[in-house]
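Next up, some structures in structure tokens.
Look at the two complexes coming up: subunit A is in both, with subunit B in one and subunit C in the other.
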Partner chain A sequence: MDLFLQYVANGVVTGSTYVLVAVGLTLIFGILGVVNFAHGEFYMIGGYVGIVAITMLKLPVLAAIAVVLLAAALVGLVAEAILHKPLKSRDATNSIISSFGLAVALQNAALLVMGPQPQRLNLDVSKIPVLSSLPTDFGPVFLPQQRTLIPLTMVILIGVLYAVLKYTWTGRSLRAMAQHATVARLCGVRVQSVAVVTFMVGSALAGIAGMLMSSIFFVYPVVGNMIALKAFTVVILGGMGNVAGAAVAGLLLGITESLTSAYVANSMRDVVGFVFVILVLLFRPQGLFGKAAERS
Partner chain B sequence: MTLLSRRHILAAIGAGVAAPSLVRAQSSETLKIGGMLPFSGPASIEGRQIVQGLQFAVAEWNEKGGVLGRKIELVLEDDESNSTKGVTAVRRLIEREKVPFIIGTYASAVAIAASKVAAEYKVPMLSGGSTGAGATDQNTAGDPWFFRSWPDSNAQGDDTAKAIVNKFKKTKVAIIHDNTNYGVTLAEQVTRVVTGVGGQIVSKDGYNAGEQDFSSMLTRLRGLKPDAVYIGGWAGDGANILRQAAEIGLKAQFVGSGSMLSDDFIKLAGSASEGFAVATMFEASTPNPIGKAFAERWRKSHDFDANTFSALGYDSTNIAIEALRRAGKPDGLEVQKMLKDGMKDFPLVQGPAGTTAAFNEKGGVIFPNFIAVIKDGKRRLDV
Partner chain C sequence: MKPYLIGLAVALVLAVAPFVLGGYETNVLMMMLFFVILAVGLDLVAGYCGQFSFATGAFYGLGAYTAAIMSRDLGSPIWLNLPAGAVVAGLFGLLLGIPALRLKGHFLAIVTIAFQTIVYLVISQWTSFTGGQVGVSLPNPAPLTAFGVTLVQLGSLRSYYWLTLAVAVICLLLAWRLAHSRLGSEWIAIRDDETLAAAVGIDTTRGKLTAFIASAALAGVAGVLTAHAMRGVTPDDFTIWISATVVAMMVLGGRGTFIGPILGAVFLVLMPEVLGRLAEYKMLIYGSLLVLAITLMPEGVIGRLRRRAAR
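Here is the complex of A and B:
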């Protein structure tokens, strides 16, 4: 039982990253209808910017997080200008192919600038005010502070996002766009600025996830491939465009993977998620938490 | 990855070799030799270290005036650890650059596919790090076209597995391996050898190369209390496993496959690498006097010590150029004949003192591996 809790905790940590990456992805899909295959690269860039900010520029953690948010949001801005703005009136396939291209371009840019060797962010938790005072043992569960930081950040950021979506004008226009772009436009929603904001938020969330994960794992140019696949899994499980669904599905996927590698076989862990996806697509295409909508 | 990246990287790597030879190229045409290694993709760390050994050997020969009165030019291709790319690269080196031999490559599956093609063209290949037994086993006995101047993965795995039980006196062994041909073969072998010498395998776990999170698997292993943990896979994954094992407090004698020999591996794993053991064919502190002299020459032109990767890249290139010199003409068939029988007196920098390029009928050279242990951030042979 003690070990079971530890496995769940491990799953929550990786699941939290899936949530951060997938929520951005599902926003971009839900609001703009762009299937963004370059989303994993936003994660990768976040990791590298974090390393540059902390290891090379020696910035304190909070400043580094701000730098990562800014840099990732900037990448989102550029991505919108490439993937959405010029292509929005065309068939969705255009932006899919285009996002593939962007992913490859960003991977190769990272390869040229940062080199192929994996790198790691040396995050000195003892220097982070609140975090360093956190315990590392929660009953039978052991979580180093770097790991605790990830679900913590996830909860805060997703909480903020949720509040923004729910209570602010920007949030309302985002949701209006998601429901019906034309009607939203008729009601005075500035479609273009909504698109930009969506991309920036999505990219910033993925960037933060990348930065946090690079303190326990490694970053390398193609690290985004797997994470993007996982995020797509989460998005499909949670229902395309469903933020709350993505949050729950992300945690579920993390925990399922962790338990699979603990009790079944480690080599099966990546398989499980994709089997789920195929089953969901076959039997519940609206996602585990999505509502089936009749097309008129 | 894209053509763009490959060209940039190759240009950057090639520049070091090309620059001095460009100046002299005016006097007489250079003699081109081929090098094929992964400069991008999953084994790029290894590829970029090995290529320095090739470049060092070429630079030394050129300092002495080249071979057959011509300067040597090393033409490099990136195979990305991908068999299709490897086969294309070999064709390009042979058809366009007319190289008499090719040094390459690191991934055994690529080496197997590529050397079959090279053999059709009657161009011998000398391993650029591939240690898989399959690459030399596919050779026709007595007429090898793929040469490896060090023991195959079976011997390496044998020496490592025996060391777990005999040197470290650990009997309960857990195995973690990636699901590539490399990792799976090693895992099977370690199982066979460890049980053969009286040890016991308590668990066996596979993972997908490039996987990031091992915490749950390692937590489960911790409960099994193994004396030793064997890791068979690529260096980045190995370093990741060591770190996460240290984090959750899994204490055991960690032993790894040959890919985890590099200094980058120690840097990535940090303090978690202390006590980690790995079989090696060469260290800068080698007791082999030829190897020692090589390490000293290397240190003069590099700001880091030579390692197994530099040594094997150097040996393969050095042997091939010497065979070319002895053969007297840049012809693949002649070089292969010379490699087969004519190099038994040529000393290697790898292996214990007295090791020579005595290729057996399958194209391999057999000598015992050293077992190095990491102490204070350095691999040492005396621990």
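Here is the complex of A and C:
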């Protein structure tokens, strides 16, 4: 039982990164209708920027987080100009191919700049004020502070995002766009700036996830492939465009994977999610939590 | 008659090429032929039938591993592996085609990427059967014999190149006939308007499944040829980057134009050879080309030329 709880806790940690990556992906899809296959690369870039900021530039952690947020948001800005602005009046396959090309280009740019060897971020938690005072033992569960930081950040960021979506003017225009783009435009929503904001927010969330995870797992140029696929799994399970659904499905996927690798086989860990997603797409294409709606 | 004559002329030029070129150049040409088969195969399902697949690399790998594992466990020769690779890849194509019956656009794209990843994970982790990361090595292809008489030696690079060329020509002929058959017209109808196609009595289920099978079987054939040419297979030869490359070839050349993907394959395989030291940036260039092509010229080079000619 104690081990079971430990596995669940590990699942929550990985699941939290899935949530961070998937929420951005689902926003970009739900609001703009862009299927962004380059989303995993935002994560990868976040990881590398974090490593450069902390290991090479010796920045304090909070400043490094700010740098990662800024850099990832900037990448999102550029991605919007490539994937959405020129293609928005065309059918969806165009942005699929284009984002796929962007993903391949970014991976290989990273390969040339950072090299193929996996790298890791040495996050010295003892220097972070609040975090270092957190306990590492929760009953039978042991969680180093680097790991605790991930669900913590996820809850804070998703909470902020939720509040922004719910209570601010920007959030209202985002939701209006998601409901009906044309009517939103008629009501005076600035479609182009909403698109840019969506991409920047999505990219920043994925970038933070990449940075935080790089203190536990390695970062390498194609790390984003697997993460993007996991995020798509989460987005599909939660229902395309459904932020709350993505949050629940992300945690569920993380826990399922952790339990699979503990009780079934470690090699089945990555496969289980994809099998799941193909089944969901076949039998419940609106997602586990989505309402059934006709698709054109 | 004209396309056949041009095809024949090109095939003849390619057949005499090894006499003029060195071993390295012949190898490059052989690589080019593999990718021509892959790109034309993808064009059948994505260009003609409109079902986007990012799983070409997976079918390519399935064909290659079929050849490698059959040679290892059964000692089967290449002329048996070729149809076997096509059948195995084709069956998996059918498997992937089934979800495609219900899914469109991005959902389908995600499923094909998931399929590609599952195949990669299985071949790289099922060590007892596929050799894991080390892969499987193959002996020299045995000579083609009939009734105890040796017909063709396949051990040398040149003879293997001719075999590849012959198989490629057969594949392209088959693909051409398919694309211009009644079935090919049904694929185009499904691509252009699936509801209308179903309404005029086209069996869209059959249409989509056949397109997936044909595409996968061609990739399987290319896989068998590659496995024997490389004398072995490793999982990293069949990643999603291969799928990306083939998609780039098809999109650059022109979806659903038949000749477009062929030219795309020729261009993208020969380009790194011309680039010299810049060849390191090959995948970076492919990715950027894909973005540029879809933004500026989504119908591809051949598609653009044809539209201009039609005006």
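Note that in this section the second predicted complex is superposed on the first by the 293 of 296 C-alpha atoms of A that agree within 3 Å, B and C clash if a C-alpha of one lies under 4 Å from a C-alpha of the other, contacts with A are read in each partner's own complex, and residues count from 1 in each chain.
Keep in mind that, in the parts below, contacts are C-beta pairs under 8 Å (C-beta built on N, C-alpha and C of every residue); 3 or more make two chains touch, one makes a residue touch a chain.
Bear in mind the structure is a predicted one, so any value in this text is a computation, not a measurement.
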### Query
With subunit A superposed, do subunit B and subunit C clash or fit?
clash
### Task
Return first, second, both or neither, reflecting whether A:112 touches subunit B, subunit C, both chains, or no partner chain.
both
### Partner chain(s) touched by A:120 [first = subunit B, second = subunit C, both, neither]
first
### Message
With both complexes overlaid on chain A, does A:229 touch subunit B (first), subunit C (second), both or neither?
### Response
second
### Task
Determine, under the contact definition given at the top, whether A:275 touches first (subunit B), second (subunit C), both, or neither.
second
### Query
After lining up the shared chain so the two structures overlap, which partner does A:86 touch, if you call subunit B first and subunit C second: first, second, both or neither?
second
### Message
Let me test your reading of the model: by the given contact rule, A:104 touches which partner, first (subunit B), second (subunit C), both or neither?
### Response
both
### Contacts of A:173 with subunit B and subunit C, given as first, second, both or neither
neither
### Message
Just to be sure I read the superposition right, which of the two partners does A:267 touch: subunit B = first, subunit C = second, or both, or neither?
### Response
both
### Message
Once the two complexes are overlaid on A, one stretch of subunit C runs into subunit B. Is it 58-66, 112-120, 256-264 or 274-282?
### Response
274-282
### Query
Hey, what residues of subunit A end up touching subunit B and subunit C alike?
104, 107-108, 112, 226, 267, 270
### Task
Sort out for me which residues of subunit B touch subunit A in the complex.
1-2, 4-5, 8-9, 39-41, 44-45, 48, 179, 205-208, 210-217, 219-220, 223, 236, 239-240, 244, 247-249, 264, 268
### Query
Across the complex, what residues on subunit C touch subunit A?
52, 54, 99, 102-107, 109-111, 113-115, 117-118, 121-122, 125-126, 240-241, 244, 247-248, 251, 280-281, 283-284, 286-291, 294-295, 298
### Task
Sort out for me which residues of subunit A touch subunit C in the complex.
29, 35, 37, 82, 86-87, 90-94, 96-98, 100-109, 112, 225-226, 229, 232-233, 236, 267, 270-271, 274-275, 277-278, 281-282, 285, 295
### Query
Which part of subunit A faces subunit B closely enough to touch in the complex?
3, 6-7, 10-11, 13-14, 104, 107-108, 111-112, 116-118, 120, 142, 144, 213, 216-218, 220, 222-223, 226, 257-259, 261-262, 265-267, 269-270
